[in-house]
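The next part holds the structures, each set out as structure tokens.
Next come two complexes built around chain A: one with chain B, the other with chain C.
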Partner chain A sequence: MSEYAIAIEGLKFSYSRNEVLKGLDLQVPRGSIFGFLGRNGAGKTTAIKLMLGLLKPNAGYCRIQGIDSQKDALAVRRIVGYMAEDQQMYGWMRIEQIVKWVASFYPGWDDKFTNQLLDMLELPRRQKVKTLSKGQNSRLALLLALGHRPKVVILDDPTLGLDPIARKDFLRHVIDLLQTNGVTVFFSSHLLYEIEPVADHVAILDGGKIVKQGETFQLRESVKKIVLLASPAIDFSKITGLLDVARYGDRLALTIEDCDASKISALKNSSDDFAREIRLNLDEIFEAYVIGNRGKVAGV
Partner chain B sequence: MSCHLLRLGRFCELQGKIYKFRLDNPPFSVIVIYNSITLTGDCPIFIRIEPSSSVPIYRQIIDQIKYQVATGAIKEGDKVPSVRELASKLAVNQNTILKVYNELCRENVLRIERGDGTYVSSNKQAIPVAERKKAVAAALREAVVQAVQLDVSLEQAQLLLEKEYQAIQSARKKTE
Partner chain C sequence: MIKPLLWKEWHEQRWKLAFGTFMMAFFTGALLAARFSSYHEIIVAVMLLGSLVLSLYSAMGVFAPEITNRTSTFLAARPVAPWKIFFSKWFFGWLNFAVPMLICSLILAVMVLAHPEEELFELEFLARVLISGIGLGTMFYSMTCCLASRKSSEAFVGFIGLIIFVVLLAYGLIIESTFIDSLRHQETVCMFGEILSFINPVFWIHLMKPVSNYPPNSVFLLFIEQGILFMVVILVGLRKWQRSF
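What follows is the complex of A and B.
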């Protein structure tokens, strides 16, 4: 078995002539909580559907716990818990009915566990699905994704439309129920401040490819902004990992990945000693990767 | 056994109903209630995470715990929540909290007693003067930038600092 819970290589997919994924590579370590970041329409949901074998890729493969999503989609769905974006459930059913109904699809459904979950997630068994609040709805969807005790859980934008308290509660359940039991959690979101506390790994999807993936804290520490006096001595082509250049008056702000001490001192030598190092938050780092200006700036 | 009780304790925290239900079994319930109190009511650390800050989350937590040890808000021998409890409370990844505790143990601020829990290992002296000075310097730097930008001279700023320092010290004496 591979060391990765999810391994994707060279995944390509298009909707008619619109190529959404242009060779996606992704490795999700076992037991991690993996945040899948991307702007609206970046292809997050498409990638997730490919992982589950709900769509057919033009090229590449995806394996979940070593099982190929294309060759054996049924086996994949048996070991994966999936919560769709804005999951629709039959409104006329009562909670206990929908739980029973979903359970009938899975040979390994755990009734005792789902009963515990119903109490813990405060879901009244007799209530009709259509009368549930948005928060209850997403908790029910989570429960339905977990009842067969999956090893891998894929959540597509699970906190969409939840208020801040319900969102935090939901993420707390993910940590309490899943991380504690060694389940791998893969979840997509475009809310970065939400991803950072929860995810130990992140990947940024942009332009049909993964532009960055790694441990959350390393990403946070390795990308920095350097502000220095604009000088003709700065050779942009020599700066490796340059993500963004902006000019403010006589100063330049450079956003650089893997920004270590040697890169900073090299920049100081070619400019001035007043170079300032600024730490960035995850939003700013995301922005640099996705819409960063890597070209030339006027007047330099 | 202790792990099992911990789980029940967690249910108590989450679910008032289960809490009541356990009361019907006397020997068990006492322990369960006790556990829920130590878990929810007795958490000695106050931590606030600022999600949009440029300071990484594990750094924010480390700094806040150290600060509370240095100011005596948490004292030598105090038990801190387990990794799982704190992760759940803050809705933060367990690995982040683990990293925080490991780092604080390495710096002798906390110590892990195998099979028992994590404790504050010593008083404020655990944090060296140099580091305490560094924290104050960082806070002062922002004030100095303001002073320079607003054309407040060094002499004026020094007077202001002395005045504030004395005001706070006399306020502290009054409360003691």
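What follows is the complex of A and C.
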């Protein structure tokens, strides 16, 4: 059996002439909480729909727990708990009705667990879905994604549209319910501060490809910002892994990936005044990968 | 696994079904009470109303609301075959016009049986009109909802339905005018003419009053051609709808 809960290779997809995914490669380790980062419109939701077999790729494959999403989409959907962004459900159903209705699609639905979740998530059974607040709606969607005790949970921007309190409340529930159960959680978001505290692995999607993937702490360790005095001796084209260059007065801030001791010493040699190295948070790392100028901006 | 899908559709469509049945019964009753025309003409008018207006109204509410409300992904993400979802939706939309037509026909049949001495109309005529109405309605409804299965606006689906109707009508008129000489000269329409005629769902109307110049096996040909067209339309609809997620 594959060591990866989700394995994607060379996935390509386009809507008419608009190529959204240009060869996506992704490996999600079993039992991990995996942050899938990307800007709005980067193709996160498309990638997820391909994982669930809702869309057909132009090329490549996607396997969930070893099952090919295209060849056996129903088997994949049976073992996956999926919560779409801004999940809309049938407003005319009562909570107890929609739970029962969704349960009828899953042979392994756990009624006892669902009842516990209803109490834990404070969802009134008799209330109609259309009368729920956004926070309650998200909690119900989470419950419906978890009721059959899936091995893989895919959350697509689950906190979209929630206020900060409801967002924190939702994340608390996600962590409480999933972190200890050995479930693989695939968490897609463009809100990095949301992913940073919970994800142990992250991947950054940009331009239809994964530009960086790895363990969260390793990513934080490997990408650094170096501040030094601007000097004509610095040749940006020779700095491998240069993600972004910003100028602050007479100083330059270089964001570099895989920034090890050899790279730092090379920079020290090329600048008269090596100021300091700065650790970055995930937000800044994401920014460097996605909108970093790679030293190509004129005037820097 | 199809039972929960049918349950959901029943809950969503039942008021439309009740509305359609009431409207059909009301119009039939009103037209019969007013006696503005012969019973035969009223029955044909009511069945055409059901097969065109009600079927268009049904088609507008099959896929579009699910796309507008963004519940289609929620539904499609369940471990159930897409054709089952498609079928359950198509079937309840179909019931929305077929059931009112059937109920109206039953009421009319009871009227005939209750007053045998008045000789209002023949039951065979009623059965023929009902079958042709449901046939025409099924094709028109399926073509509209299938060809517009990715559209999120109900009004736009209705507009596509109207375009389909105009195209079918124009095609029917062209075919009729092409073979009109044969009909006028009491000649039998050639096989090629039959094939071209009966691929058009509008020709279900011929079942209401079969054209004598078409050969006796023309009804059989109509069923075969319409069956093939129906399968093609459904497959196209299923494919288009699957791409709407």
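Methods note: the second predicted complex is superposed on the first by the 291 of 300 C-alpha atoms of A that agree within 3 Å, B and C clash if a C-alpha of one lies under 4 Å from a C-alpha of the other, contacts with A are read in each partner's own complex, and residues count from 1 in each chain.
To be clear about the criterion, a contact is a pair of C-beta atoms (placed from the backbone, for glycine too) under 8 Å apart; a residue touches a chain by one contact, two chains touch by 3 or more.
Note that this is a predicted model, so its numbers are computed, not measured.
Enquirer: After the alignment on chain A, I want to confirm one thing: do chain B and chain C clash, or do they fit together?
Expert: fit
Enquirer: In the superposed model, does chain B or chain C contact more residues of chain A?
Expert: B
Enquirer: So, A:160: does it touch chain B (first), chain C (second), both, or neither?
Expert: Neither: A:160 stays clear of chain B and chain C.
Enquirer: Looking at the overlay, what does A:253 touch: chain B (first), chain C (second), both, or neither?
Expert: A:253 sits against neither chain B nor chain C.
Enquirer: Just to be sure I read the superposition right, which of the two partners does A:171 touch: chain B = first, chain C = second, or both, or neither?
Expert: Only chain B is touched by A:171; chain C is not.
Enquirer: What angle, rounded to a multiple of 10°, is defined by the Cα centres of chain B, chain A and chain C, with the middle one as vertex?
Expert: Approximately 140 degrees at the chain A centre.
Enquirer: Using the touch definition from the top, say if A:221 reaches chain B (first), chain C (second), both or neither.
Expert: After superposing on A, A:221 lies in contact with chain B but is clear of chain C.
Enquirer: Name the contact category of A:74: first (chain B only), second (chain C only), both, or neither.
Expert: second
Enquirer: After lining up the shared chain so the two structures overlap, which partner does A:52 touch, if you call chain B first and chain C second: first, second, both or neither?
Expert: The answer is second: A:52 touches chain C but not chain B.
Enquirer: Taking the superposition as given, tell me the minimum C-alpha spacing from chain B to chain C, whole angstrom.
Expert: 27
Enquirer: From the superposed pair, tell me which chain A residues show up as contacts to chain B and also as contacts to chain C.
Expert: The overlap between the chain B and chain C interfaces on chain A is empty, containing no residue.
Enquirer: Mind listing the chain A positions that touch chain B in their complex?
Expert: Against chain B, chain A makes touches at 33, 119-120, 122, 168, 171-172, 175-176, 179-180, 193-194, 196-200, 216-217, 220-221, 278-281, 283-284.
Enquirer: Contact residues on chain A for chain C in the complex?
Expert: My answer: residues 49, 52, 54-55, 74-75, 77-78, 82, 84, 86-92, 101-102, 104-106.
Enquirer: Write out the stretch or stretches of chain C touching chain A in their complex.
Expert: It comes out as residues 1, 3-4, 7-8, 11-12, 69-71, 73-74, 76-81, 243, 245.
Enquirer: Help me check something: in the complex, which residues belonging to chain B touch chain A?
Expert: It is residues 10-11, 14-15, 17-18, 49, 51-58, 84, 87-88, 90-96, 99 of chain B that touch chain A.
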